[in-house]
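Two complexes come next, and they have one chain in common, chain A, joined by chain B in the first and chain C in the second.
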Partner chain A sequence: MTDMTSDTPHVHGTLLQADARTRKRNAAETRFKFYGILAIAVGLLMLAILLFNIVSRGTGAFTQTFVTLDVALLEDKLDKSGNRDIEEMKKVSTFGYAPLLKAAMTDMVEKTGMEGQISAGDMADILSKGAPAQLRDYVLANPDKVGQQVSFNFLASSRVDGYMKGRVSRDSIANDKSISAEQLDFVDKLIAQGILTKKFNLSFITGADASDARPEAAGMGVAMLGSFFMMLVVLVLALPIGVAASIYLEEFAPKNWITDIIEVNISNLAAVPSIVFGILGLAVFINYMHLPTSAPLVGGLVLTLMTLPTIIISTRASLKAVPPSIRDAALGVGASKMQSVFHHVLPLAAPGILTGTIIGLAQALGETAPLLLIGMVGFIASNAPDGIASGLLAPNSAMPAQIYEWAKRADPAFYERAWGGIIILLVFLLAMNTIAVILRRRFERRW
Partner chain B sequence: MGVLQDYETRKQETEMSFVKLATSTFAIAAVAAGAAAARDQVQVAGSSTVLPYASIVAEAFGENFDFPTPVVESGGSSAGLKRFCEGVGENTIDVANASRKIKDSEVEACAANGVTDIIEVQIGYDGIVFASDINGNTFEFTPTDWYKALSDKVVVDGEVVANPYTTWDQVNPAFPAQPIQAFVPGTKHGTREVFEEKVILAGCEESGDFEAFKAANGDDKKAAEKACIALRTDGKSVDIDGDYTETLARIESNADGIGVFGLAFYENNTDKLQVATMSGVTPSTESISTGEYPVSRPLFFYVKKAHIGVIPGLKEYAEFFVSDEIAGPDGPLADYGLVADPELAKTQGVVADEVVMGGAS
Partner chain C sequence: MSDLFNGLIGGSAAALMVIVVLGLSALGFYMARSRAMASGNGDRRNLHSLPNYYGWNAAMLTAVPALGVLVIWLLAQPMMIDNAVFKTIPDSAIAEGSSRGLVMSDVRRLADGLDVIIQRGVMDAEQVTTLDAGTTDLRATLAAEGVALGSAVEQPVLDAAQMYRAQSSTGRFWMVALVTVIALAGFVLSLRVTNADFRARNMVEKGILTLLILSASIAILTTVGIVLSMLFESINFFRLHSWTDFFFGSTWAPNFRGDSDLSILPLLWGTLYISIIALLVAVPIGLFSAIYLSEYAGPKLRSAAKPLLEILAGIPTIVYGLFALLTVGPALVNIFGRGEQGLLGVEWMSGATSVLTAGLVMGIMLIPFVSSLSDDIINAVPQAMRDGSLGLGATHSETIRQVVLPAALPGIVGAILLAASRAIGETMIVVLGAGAIAKISANPLEAMTTITTRIVSQLTGDTNFASPETLVAFALGLTLFVLTLGLNVIALYIVRKYREQYD
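So, the complex of A and B:
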């Protein structure tokens, strides 16, 4: 560029007229912006597909088909001695209640004037296998009702429910031995009579898991409690340990190679796959410490190990974000180091700490892999805990483990419930993340 | 001043919450220390094939008795028996479900850990079926077809060669020219053993290749069996280590696939699957109970006798499981797909008298 002033005049284009290089640069920028928008669009599209899939497949689980039926609670079947002694009435098992349902179906057909071409047994088969148990529970809770006629809302069997939801059709049941086309004809008549209806199913949210024979009765409630108790353990252990560790490391610890190693290891711990914590939990908490298997306490302890690094890292970040001038000012007016930390630094860092904790909890809430190894997957979530002790120690499952379990089962009705369970889990995660965002927005101070 | 006051209250709040947290931590620790306390529900683990049946029984048991609903975990027969044999005590499971008989080596492992009195309970039979996409071709298999299609080495013109077949019509001219693509249970499944023994090995013997393998291995019967049941590894036979739902998903995405399922799973998914006959017999609870359908196996559960009387409800659970109402031909287990054991009365006697394996009681 020595001949800048030589005879080829360097034409400076006007600002209004871009030269080739400027146009090229501008084009590159436009392209980059386009790529960025494209990337976001692809991300949003994936999210939309995912959400659409989850919602369209899972909402079915929140409604369920019910049959309203008047059942005569016959004394000679339920309480032969007639003295309403609960212990004696308990001897009649659910199998003893099944004939009442058959009789109730026959009664109903006669009363409504329907022509029943199918047997009483086939009619009763459109009810859930759990109906006799529902009846028995009611009778044992209200022994004085024996001898009377009581109206019940029974769940319909999973095939009938599938028929109402469009999952089951006359073509698809050609080889099915659980339901026949005649039974579907009968179902059609019941729909016309208003006896069989689809309603919101609260027990999906509050109920317990059910066996493979009655997917229609399965619910998420007990597994939700299992998750709740695990989160309680995680919160109670991980928050104080994590915060104490980070305060010491950040504010008090001398900067030497030991603390450096600790720091590196905490960061490494955050990247350890969760299944490793499961194996550790099995080896230490169950095999060595002899804590009970399938217990939310053990699940909580394992998840605590997993959540600790997340909490430590976020706590240290928010402690670092508090400007040194605050500490200096506190020390300057005569506060001890500990006073300066607990009176000034920690309160200012609290929103960041809480945000990190909530995000760590949300992560732990959705974790399945370590729970596989400590026995929280299977037919477990059937007894609702009746207190904190049993909530922590009695066998239970957790929400993601329950979803995994349902997705494995044979009946397609469980598949629908697995998607429904995902919706519940996502609602929880969304709520927790929203709280974290609000906390950060509302309370976090910036300097 | 306002800011200072603000700090003051915040400080107090933080101190308060720290005190609270510390207290709760100690509370948790105390609970944990007392955790080895009594267990009041039956703990079951084992075969995922038996899991649906065990959960149906557990649910009904919880409804009809004052005991809490037993806990049933899956994980496979071998994993269940391993946990079963870990020892005696409340931290070990009471019942192991198995889709095969307990092995001698497992009985020895049990004995080494002090688990000596084991009650073996046979609950019924389970059928293994071959099913493909409902809209695909219909098949009528014989064990020979499966052996020829899936074995690693087959005999062609008297010579042992690597399996040359790629489509079903090469295996048996009666079949359509559909590519061979089989989804079989992985080696950790009890189902795999039955598949190898009752289908592949049976086919190997049926086709006469067994003799050729025996000759090639210097008259060694064991080696010949091993050669028979070794499955091809060129992707035509895929091991499924997950559950039947995974096999189903593979078939849904690959219409040429043929999968190995349990009878109960097939019966719950008849809208997506069509079942193939084996040696001319359609699988059903009836044809399996009469023994016509060849591919079936007994299902078991094993009870630790030392836990009876210690864990409340254990014996009641075992008795309830094999009662006529539950495991009989009209019970809920048969409804779900279990083939009832014709000798159920004998099994009931075994449970009632707590007859342990090995004769001594």
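So, the complex of A and C:
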């Protein structure tokens, strides 16, 4: 130890005052801690920005601008023969209904005493292009109302809706052929009269997708049904197969190379990019088996294969958590190995299995990439399926695919729909995850 | 359309068979059960197994082999018929610029169309079998029923379609016969063996074990399916397109009139560039959060911050894609683009889609991935190592940097590799955020494209499985699969090897 002495004279510091090196080390310590806090803060900030963005841009989709209008359902336009024969009335196309709307607009302007500087056609153009069809559907459903004056709530066109929501202004429509500044002046007057109002829009949640020209009418409802049927397929297939596979691997499989291969396989499948499952689905289910494209059945099959590893991994964990004493006790009173597993271990592991399954389903619900390849995009899901068979086999969209579809359309009115769709999707995911957490808290046993 | 599809639609052979077999097996259950009880003189104590086991045995023997054969038949029949019909198409029927595969898909569409017109009652079955391409304009007839054909129907194609239909219906007949015979055989056999001494429980348990093993092997089947489906189509692709151009060429320019340049290098560059930017965002943030949460944070902060960060991992990727396209992209354009009006007053970025847009957003997505994996690994470092270092007078941060992190390094590297494999395989963010221009450039503000984006664009819309422009997607998919699989295997190996050290 003698050679440890140094030539420099040793300075005795005091505990009360830190020397330069200690200060440097402490500063490094503070810096390091600060980096950690900064990293967490950045992460949380990103989350906050993302959520704020979704909520602030998406809530608009849940309200929509409506125009309240009294329409005279003129008999000589809609039912010339006058005998209320539905088949005959069906011959009047939506074009035949458009003049009624123009007339209703002119009436309303006269009644309220507004100065109408624009033509009746321009006035009617602030309504959605779907308004005549709405009128026609009503008349065909209530033929006895022909000849009377009926009050309707029509959707306003997406430009007017955008004006109400601040998306469209007089500057931004300078080159827009769909609406003119004069029409916006007219809209201002209607707002003052209380004829044009913003209301909660239930049809965004329950309705069907609409074509490019009518963003104001597009809804998530049909896509939601598509997602529902896909989740049904996933649940029916992935849960039993996943549980059976886990039981075999955890309780019965001998330790040999085949079991090893299966295990390595499952952990690798869990990390395969989702789009690869889409390629598999396209090649096997559609190209080889000729199942219909865009069908929720095919989507469900693809998502089943994708979710299986997740379910197997979580099921195995919950089977492993059941203590061996349970199995020993069952075997001790004369149960067979199979009985001990199915009568005792499985029921005890059920809450864990269910939690894992719900989380797997939530993952599958938000997955988009494989659905692109099996054709659940680029397609207007305009009809709700009318049964289980058509729900599974008729072309449909799914929630995330619908959001993607809207994001691709160039009209900003569809962007608002896409953000709104994300809110709906996230509400579903939140609900599923909450149920999973509650299940785990309430039923999971610690041994 | 296959039998499976028709079967599900309603009333046809396959669905009918499933119902018949299940009914027979339910009948078997009750008959075997009562037969066993009768042979035990009505006292269950005389039986080897519980009475229900006899029933299950019969139900199982009736249903499982029959349904298994049904499924295998449905899978194999389309391939067998395709092959048989494929051979009969004469070379003369294949037009210039077309291929056997294209003609075959015409045949299939025609055969489906003929089924449709019979279903709708346009013609009856007799009329359809005696059709002559010379006298009837089938293309127009089918178009009227909503079945679009690529070209006018030639006689050889019509013959092939007729053969296709004939073989399909023969196949259906044999399927029904075979499945019925197997179900009946199982039914009779199980009833014959049922008596008081029959070890029904052992049989049922053996059967259940077989089902469990089959379920477990679905994982292997999936992998085999993925590899084979991509391999076959990739081989088809490399028959049509030179592999040297695919792997070593420098341009990606698909051209649906043929003679495309299809090289993976520009796509691979875009993929790697975006992944690297994503990792540059995710690794520091994720790693530092993990260090802080596991080493410094109190239980309160930890229990609040960790689940909050993990929300980021639960958000679907389509949401991130939209975030990139509509929020981050325009924000970046405001900073780096728009000339005088922009924040920096420069004109470096023209569109919202760019490598940086996609990379940043993907980085946010990967933060919780890196942080929770690293958190687990840092927590696995034994406390004794920290205590030793702190006891020698090291500060907390010195302990972390010089003791904990080196000990956790292999695991962290594994976590980063897993994150990288996620980044490479990520689709929605790059489809919406990265752009569609295939080029090799170092400028992160330019739009570039990735492997996954090209797979999506080559396989959506009109696909023609005889053209290299469509088939290239399978070669790209296979490359992607091999790439991510390689990363995963290395990562898992590192993580596992490291875990063994302290366990």
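Following the convention adopted for this analysis, the second predicted complex is superposed on the first by the 408 of 447 C-alpha atoms of A that agree within 3 Å, B and C clash if a C-alpha of one lies under 4 Å from a C-alpha of the other, contacts with A are read in each partner's own complex, and residues count from 1 in each chain.
Everything that follows uses one rule, which is that contacts are C-beta pairs under 8 Å (C-beta built on N, C-alpha and C of every residue); 3 or more make two chains touch, one makes a residue touch a chain.
Given the structure is predicted, the values throughout are model-derived calculations rather than measurements.
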{"item": "Combined model on chain A where chain B meets chain C, clash or fit", "value": "clash"}
{"item": "Partner chain in contact with A:213 - chain B first, chain C second, else both or neither", "value": "first"}
{"item": "First (chain B), second (chain C), both or neither touched by A:389", "value": "both"}
{"item": "More chain A residues in contact [chain B versus chain C]", "value": "C"}
{"item": "Which superposed partner A:233 touches (first chain B, second chain C, both, neither)", "value": "first"}
{"item": "Touching partner for A:435 - first (chain B), second (chain C), both, neither", "value": "neither"}
{"item": "Chain B versus chain C as contact partner of A:178, first or second or both or neither", "value": "first"}
{"item": "Partner chain(s) touched by A:205 [first = chain B, second = chain C, both, neither]", "value": "neither"}
{"item": "Contacts of A:297 with chain B and chain C, given as first, second, both or neither", "value": "both"}
{"item": "Touching partner for A:407 - first (chain B), second (chain C), both, neither", "value": "both"}
{"item": "Which superposed partner A:368 touches (first chain B, second chain C, both, neither)", "value": "second"}
{"item": "Where chain B runs into chain C (options 4-12, 112-120, 148-156 or 220-228)", "value": "112-120"}
{"item": "Intersection of chain A interface sets (partners chain B, chain C)", "value": "240, 289-292, 297, 375, 377-378, 389, 392-393, 407, 415"}
{"item": "Residue ranges of chain C touching chain A (in the complex, touch as defined)", "value": "1-2, 4-5, 8-10, 74-75, 78-79, 108, 201, 205, 208-209, 211-213, 215-220, 222-223, 225-226, 229-230, 233, 284-289, 291-293, 295-296, 305, 308-309, 311-312, 314-319, 321-323, 325-327, 364, 367-368, 371, 395-398, 400-401, 418, 421-422, 424-428, 431-432, 452, 455-456, 459-461, 465, 473-474, 477, 480-481, 484-485, 488-489, 492"}
{"item": "Complex contact set, residues of chain A against chain B", "value": "90, 93-95, 129, 133, 136-137, 168, 171-178, 210-214, 233, 236-237, 239-240, 286, 289-295, 297, 342-344, 346-347, 350, 375, 377-380, 382-383, 389, 392-395, 407-412, 415"}
{"item": "Residue ranges of chain A in contact with chain C within the complex", "value": "25-26, 28-29, 31-33, 35-40, 42-44, 46-47, 50, 53-54, 57, 240-242, 244-245, 247-249, 252-253, 261-262, 265-269, 271-280, 282-284, 287-292, 297, 305, 308-309, 312, 336-338, 362, 365-369, 372-373, 375, 377-378, 389, 392-393, 400, 403-404, 407, 415, 418-419, 422, 425-426, 429, 433"}
{"item": "Contacting residues of chain B [partner chain A, same complex]", "value": "7, 10-11, 13-15, 18, 21-22, 24-25, 28, 31-32, 35-37, 39, 41, 43, 45, 48, 51-52, 54-56, 58-60, 62-64, 66, 68-69, 71-75, 91, 242-245, 264-265, 267-271, 274-275, 325, 332, 335-336"}
